[in-house]
Each structure stands twice: as structure tokens, then as C-alpha cells.
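First comes the structure, then the notes that go with it.
Chain lettering (A, B, C and D) follows the sequence in which the chains are written, and residue indices restart at 1 in each chain.
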Amino acid sequence: MMRFERETVVRMQHVDAAGIVFYPRYFEMVVQLIEDWFADGMGIDFHALHHVCGVGVPTVHVDIEFRRPSRLGDRLLFSLNLLKLKRTSLMLGIGASCRGEERLRLRQVLTCTSLGEAIHAVDIPADLRAAMSPYLHSEAAQ
Amino acid sequence: MMRFERETVVRMQHVDAAGIVFYPRYFEMVVQLIEDWFADGMGIDFHALHHVCGVGVPTVHVDIEFRRPSRLGDRLLFSLNLLKLKRTSLMLGIGASCRGEERLRLRQVLTCTSLGEAIHAVDIPADLRAAMSPYLHSEAAQ
Amino acid sequence: MMRFERETVVRMQHVDAAGIVFYPRYFEMVVQLIEDWFADGMGIDFHALHHVCGVGVPTVHVDIEFRRPSRLGDRLLFSLNLLKLKRTSLMLGIGASCRGEERLRLRQVLTCTSLGEAIHAVDIPADLRAAMSPYLHSEAAQ
Amino acid sequence: MMRFERETVVRMQHVDAAGIVFYPRYFEMVVQLIEDWFADGMGIDFHALHHVCGVGVPTVHVDIEFRRPSRLGDRLLFSLNLLKLKRTSLMLGIGASCRGEERLRLRQVLTCTSLGEAIHAVDIPADLRAAMSPYLHSEAAQ
């Protein structure tokens, strides 16, 4: 089982008046991580996903725990693997830590959909499914 | 049991390339709703909370389902009540709908903390607790 | 000459670690003001602008002075009028103040364009031009 | 004269419903560039600037031209140099291009200030001034 990892630095744009990350900004980091996983981990960037595959992967469920606050300049190590891979959806397991201290953990479900006015679930394209498989958590795969 | 309600319009700043709300932006709306609940529903704005009460209410857990996409110009009716009120934390139940169609629902746990460098949980101040009580869900209160 | 005015409250999402508005957030407020001017001042919301008129109004130039900082909870009074109205572009004059103290002032040029892959300037539609005219600054109109 | 350069990728979080960068998001990229210039170009990160030097560098003026739109996945090359270096303020010249096509150019004035409730201009600390000097544009230095 592979994990996809990426480091992100806490910026001015992320922190609130208390000097800690304003929690909606963590989701921008999470979306960046997922974009990087598609582009760099699987070789399919979001532009290609939308314009070549003709599908989107909107998020339908997030369950997130914020364990410890993060501050300006913290270097957050994000880590992603795949907990479930179904016909039209996938569940990601994502965590972030800084100097070994866990900051957050989350499970996120994305559904594969058509684009345009009438959005509906579609099968995950075979190429995309194949590219995802190495990231599938071994226990989940059994 | 009281509910706190507030309408929010989907803006250019909220939508992505697919023309639907980029999900991290929903959390900005949720934080605004909570700010408005404090200021308008309970008469304690965040400036007073921080500078008079000397406490913050960072979010420690969110479980959110995105049920249907929202588009530019949609008027979202947000609704908030209090599912649990403990010694140092509270759980909110929040939903948003548009023309009767549910768009999202979430449960969010906030912890009452000290401010400054060493953040730790503190009791919810008595005044704040009293102001919150009318929003406590009746089943939860039993 | 008419002015379009709208009040905006400084929110958690707007302020930085120094407790003052993070300047990129002011532009979100400015875009909201312009959206409100289109929808409420002229009766043409951005959804209609894009989907009915088939044009966009991307910003091509901004010159902004930040005069005094704004803090969480400040109620900012934004005011907009039209400094120039040309064939394919318009220049807005926008200011924001709080309790009579000026916070920022800016001039912003928007160009009327086609939508889609190949963006190019187009004439401002006649209906839109007529709706804008009352906001044209009298000296500019001479 | 040195230039400070940094590449930024256009992300989902940056684009609007028309699929092009929502202009307020460019300012988040500009602030990141300036943070990186401080941290990597001059060896003084913003945390040190605030907590060690005890000063901030709020922006007081921006004059920006958006020349061509940018789209999801575009790799923007940002470039910064110093147009003016005065006693309490500095003017930056910043540009961004993609595959040789200019996307934006701006001049931004930052003032060196005290932190806290009563913000006022202070001299740029000598160490910071020395670190900035190599980036001063040669014509400006004459």
C-alpha cells in the first residue's frame, strides 16, 4: 500500500486573529493535497480530469478531527491513502502532522460525477481506478 | 427549543470552475453563522468573547454531508441548534437548504479554551452557558 | 448622480494574525459590493449577466490605497459610483469607511467580455449601459 | 540587482465559475511571494519579523494590471524586485507570467509598522534594510 505525502507551510492567509490556522483554510490545503495526488501521484491533473475524462469528483462527506492548533510558519506533513474504492465513489484517509505531532485527521468521501447542469454519479473511469489501486489500504483491500 | 436562522447568498467567491460551491467555502459560511449566533442570537460578539470573556471557541470536530450542489445566486437558509452542552464543549447541529431542498447538514463540536500561546480547555463561562441554553435541542436536554 | 452603498461586517475569515483585515480579503468585499450593485442597484445579477447577457466583467486594473486598518466586528460602509463609462469598459470609484474614518479607496476598471475559452472585449450591452448611467459621476459625465 | 522568483500553480481554490483566476486570489499568491522573499530570499520569516523584530509590513498601496486570464493548472512564474527603499516604507515591483505570456504586473507599497493596538510607522530595522538592498532596482538606486 502506497501513501501520498506532501508538505505545506502555514501562511498568513491561513491564520486567524488568534494566530492559529482558521479551520476552513485546512480544507483548502486538503483540496490541494488531493489535486497533487491526482496530478503527481496518479498522473491525471484536474484539468485533464474535467476536460479529458469529463468527470468531476465532488466531496460528499467529510469527518474531521482537529487535534492540535497550527501556527504561522509550521510545516505540515500531509499524508493520504485510500480507505475504500467503490464503483462510483472513494473514501480517503488523510492526516497532517508537524514535527511528529498530529494536527488533524479526516476521512473524506468523493463521488465521481458527470459535469454540467445536471450532475449525477457515474462509474469511476477504468484508467483512474487502476491509478488509484496502489493507494488502497491493505486491510480495506481484503 | 429555539433555532437560529440566517440566509446567505452564494457569491462569486464561493463557486469553483464547475459553477458550484467549492466546499471549503461552505465552512466560511458556517463560521459566519456561528459568529452571527453569538452576536445576534446571544448578544456576545466574537470581539467581546475574545477581549471581555478571554476565551475562544475553536472547532475540534466536524462531520458534514454535502447533499446537493449549490450555485451562484442561490439563497441558502442556514439553521443552527445546540445538540449537546457540556462543561467545556458544545455540539452544534447545522443545516442549509435552498427552496426547500437540503444542501448540507453537519455536526460541529467547539471547545471553550483560553487564548494565547498555551491553549487549554476551560469551563464555558456561566453567562455564555445561560445564553446558549434556549437553543438546546429538547431531546438532548432530557 | 447616484451612489450605491452597502454595509459589510469584518468577520473572522477576514482578519490576520495581527487582528486586522488581511488585505486580499478586502477584494472579496469589493467583489461582493459589485455583485450587489449589479443585482440590487441595477436588477441584473451575475447569474443573469453570465447566462442571459452572455458576458462577463473581469477586472483589468485596480489602484487601491489602504488608509487605516480594520478590525474584527468593524462595520464597513462601502460606497460605489461610476467614474467612467466607455464602449467596452467602465471605471468604478469605491471607498469604505467605519464610523466616519476612511479605511480604503480604490479605482477599478472592468472590461465587458465574451465568456468561454477565447475571451475578448465586447460592447457593454445597451440595457446594462442604461442601468449604469444613473451612477455615473456628474463631473465625469460632462 | 537581484530578482526573487517563485513558481505558483493555479489551483481549484483560485478559479471562478468562468474557469479563470478570481482576481482576489492573485493577492493571496502575491502575499505568499512576499512571505517567501522574506523567508527564503532574506532569511527572515514572518514569524521572526513579528516576534523577533516586533514589526509588521502592512500594505498601504497596490496598483495592479491584470493583462491576460490564468486557468486551472497554469504554472505562474512570479518575479519580485525592489523599486524604492525609503526610511519607513518600500515599493515592490511584481510580475507574473506563464509560458512567456505576461499575466499581471503590480507595484505594491508596504510600510514598516509597530504591532498591537496602536499601529504607527517605524524605521525599517537595519538588518532588514541590509537584506533588502541587493533586490533594489539599479535605476532606482542611482
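A few remarks follow.
Methods note: contacts are C-beta pairs under 8 Å (C-beta built on N, C-alpha and C of every residue); 3 or more make two chains touch, one makes a residue touch a chain.
Worth saying up front: this structure is predicted, and the values here are computed from it rather than measured.
Contacts with chain A and chain D are shared by B, C.
Taking shared numbers over all numbers used, the chain C to chain D interface scores over half, which places it in the same class. Relative to chain A, the most remote chain by averaged C-alpha coordinates is C.
If each chain is reduced to the centroid of its CA atoms, chain B and chain D end up 34 Å from each other. Chain geometry summary: the mean Cα position of chain C and that of chain D are 24 Å apart. Computed centre separation for the pair chain B/chain C is 29 angstrom, with centres defined by C-alpha atoms.
The set of chain C residues that touch two or more partner chains comprises 12-13, 17, 22, 24, 28, 31, 50, 72.
Touching chain C in their complex are the following residues of chain A: 12-13, 15-17, 19, 22, 24, 72.
The residues of chain C lying in touch with chain D in their complex are 17-18, 20, 22-25, 27-28, 30-31, 50, 56, 58-67, 69, 115, 119. Those residues of chain D that touch chain A in the complex are listed here as 11-13, 28, 31-32, 35, 39, 45-47, 50, 71-73.
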